[in-house]
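The structures considered in this document are given below.
Next, two complexes with chain A in common: one pairs it with chain B, the other with chain C.
The block that comes next holds the complex of A and B.
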């Protein structure tokens, strides 16, 4: 078990509330997406969960034990930070050795194997790595950590399409091999949508959603067709993200997917599709 | 096996249907092993719980069964089961709506049958 409970967490920087009374349970062995706009408080929350910051009030526990100043609990959480805090003069392979000191179940063989697959030279110094390879190096350290909880903050920063594809596949393979809690904080929502089991959405320091992707996607649907017919269909409904191309129009309707009117759509010659997570996210955090 | 990420149909249902299609086509034969949940989730980059949910649908219907420590297998009689199920939904989805539309247009059953016969003749030619 590795259940994280976040209870009444508030974090203030001066007079601004970075996080405002966050209550959240992160269940073991699920892949979570932590979503929020820039400055929403994602990284602050992750920093609090890993004892890099102290809250003004509230508590965070791992299996009932506080994570604050608790090395035993913290040793079960691996945090791949967006910022690079590794000593720049060290080589990749030296960091791997160093990581094993803190995370005894770190799998060096697997880390080397992944490095070879991604074309990461383990003899290179950290400061010589490009943005993309810096992300790859940190992601490999995280995947090989064998920690119960792995947190990825913007793991695919600077990665090309091919490496992103490899990363997602490796993440799923790693999870399947040995289920663990994974928390992925990212801006690239659409490409990670199907990888996630649940999403946690924070906006302006407040928790606004925590539910399964499947559940969230039943709260809206897309409809498209001839513009005037689409307008007829959406009359009186709440919609977002209208896109028009000539006479063609496509909108996302904010309505339970089970309430969609098949008969009317057929009559008007309209087509339904799934609402994109990205679009839903934008509507939820756009105020 | 293909999944459509833009479809309004949930991925796990698409996955179950795709496996059924492959059984009907003979890609997965009865009493042989199918690809693992891990392979499916890695290949399509979908959450393993989603893949598991799709597989479980087919296990619950007796189309697939699990051999402990080995993997998922296609049950004997799976093909027949899928055919029966698909025929039922063919009736519901196509025949019923066909009759509904026909009655709106005042097309009699006899006329429908004539139309079907005409189209099958055209196919043969």
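The block that comes next holds the complex of A and C.
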């Protein structure tokens, strides 16, 4: 069991409310996407979950035990932060050695294997790593930690397309080998969508959605075809995205996928497709 | 306890490199002093003497205290170590390093005093040489110096720019206040401060153990204040 419960969490910075009464349960062994626009409160929430910050009110527990100043609970969570907290003068391999001191299940062999695969030189000092390789190093440390809960904050920052693809594949392989709770906070929604089971969407410090990706994607659908016929179909419906290429048009309709009008679509010679998570996200956070 | 020692182990690694460099320099200076003494001093029975390694160790410990917070705190936060565990580990580290430095300082003083006319700061203040008193005096002084450095660096880390400026300027205000008070009270405030240091350092009855007690009290006060700063310390760039 690794159930995280967030109860009534509020965090204020001066007069700014970064998080406003967040209530959330993170179930064990699922891959979550934590989504939100810049400044929505994602990193604040992750910092609170890992004792980096303290809330103004509320409680966060892991299997019923508070995470605040609780080494037992904190030792079960590995948090790959966006910013670098590692000593710049240490080498990658030294950090791996020290990480094992604090995460006894840390798999050094696996970390070295991943480093070789990603082309990360473990003899390099942290200060010599580029932005991309700094992300790779932190992601490898997280994956090899073998913690019950792994949190990634912008894990693909600065990574090229190949490395991003490798990272997603390794994430799935790691999860399949030993299921664990993973929370991924990122702005590259479309890329990560394939990996996620559930999404948590935060907007302006408030929790606006927490549901499975599958469920969320049933709340909208895409319809495409000749522009005039598409316009006829969407008359009176809420559209959250549209693309036109000459006479061809594709729109995303915010409507339960089960309510789509198949007969009308057939009559107008239109095609249906699944909506993109990113478009739904933009729609949900664009108010 | 094992968990605390794991954190101390990392902090000691940090001290180790600095101590090796420091004692490398001290040994080199000692060698130069010894060679110079036997080469250039024409009257070995004169009244002059060498000193200063105790004071330099004191400065080293204070600076080490200043340097042992930010990087270590961030690294321990990266590894999800609680502030409480980090704090306790730091106390263990400061005590171990202070004890080791006091021991090395005592050994060095004893060796040098057998070769050249060397008197460390303890001997100069208390006009006596007693190894246990010397050791405990330096140990307590070093713990106080590192904890003071640790507290100051934490205070700077926690403060915003305005508060940092106020903290930086505060010694000037304190000195100005003392001078003003001294003027108003016709020197009574300076005499009071002097009496305070004379009694807390055990100079009234030439008792170094009173100073040991004072330094240890200072260490406890500094660590208590440090905990108040650390207990809700956020991560900063």
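Going forward, the second predicted complex is superposed on the first by the 287 of 287 C-alpha atoms of A that agree within 3 Å, B and C clash if a C-alpha of one lies under 4 Å from a C-alpha of the other, contacts with A are read in each partner's own complex, and residues count from 1 in each chain.
The criterion applied here is as follows: a residue touches a chain if its C-beta (ideal position, glycine included) is under 8 Å from a C-beta of that chain, and two chains touch if they have at least 3 such contacts.
Values in this document were obtained by computation on a predicted structure and should not be read as measured data.
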Chain C versus chain B on the shared chain A, clash or fit after superposition: fit
First, second, both or neither for A:54, with chain B first and chain C second: second
Touched partner set for A:208, first chain B, second chain C, both or neither: neither
First, second, both or neither for A:99, with chain B first and chain C second: second
From chain A, separation angle of chain B and chain C (C-alpha centres, steps of 10 degrees): 150
Chain B versus chain C - smallest C-alpha distance in the overlay, whole Å: 28
Those residues of chain A which chain B touches in one complex and chain C touches in the other: none
Contact set on chain A toward chain B in their complex: 30-31, 165, 168-169, 172-173, 175-177, 194-197, 213-214, 221-222, 257, 272-274
Of chain B, residues touching chain A in the complex: 5-8, 10-11, 37-38, 41-50
Contact set on chain C toward chain A in their complex: 3, 6, 9-10, 71, 74-75, 77-85, 232, 234-235, 237
Residues of chain A that touch chain C when the two form their complex: 47, 50-54, 69-71, 74-75, 77-79, 81, 83, 85-87, 98-99, 101-103
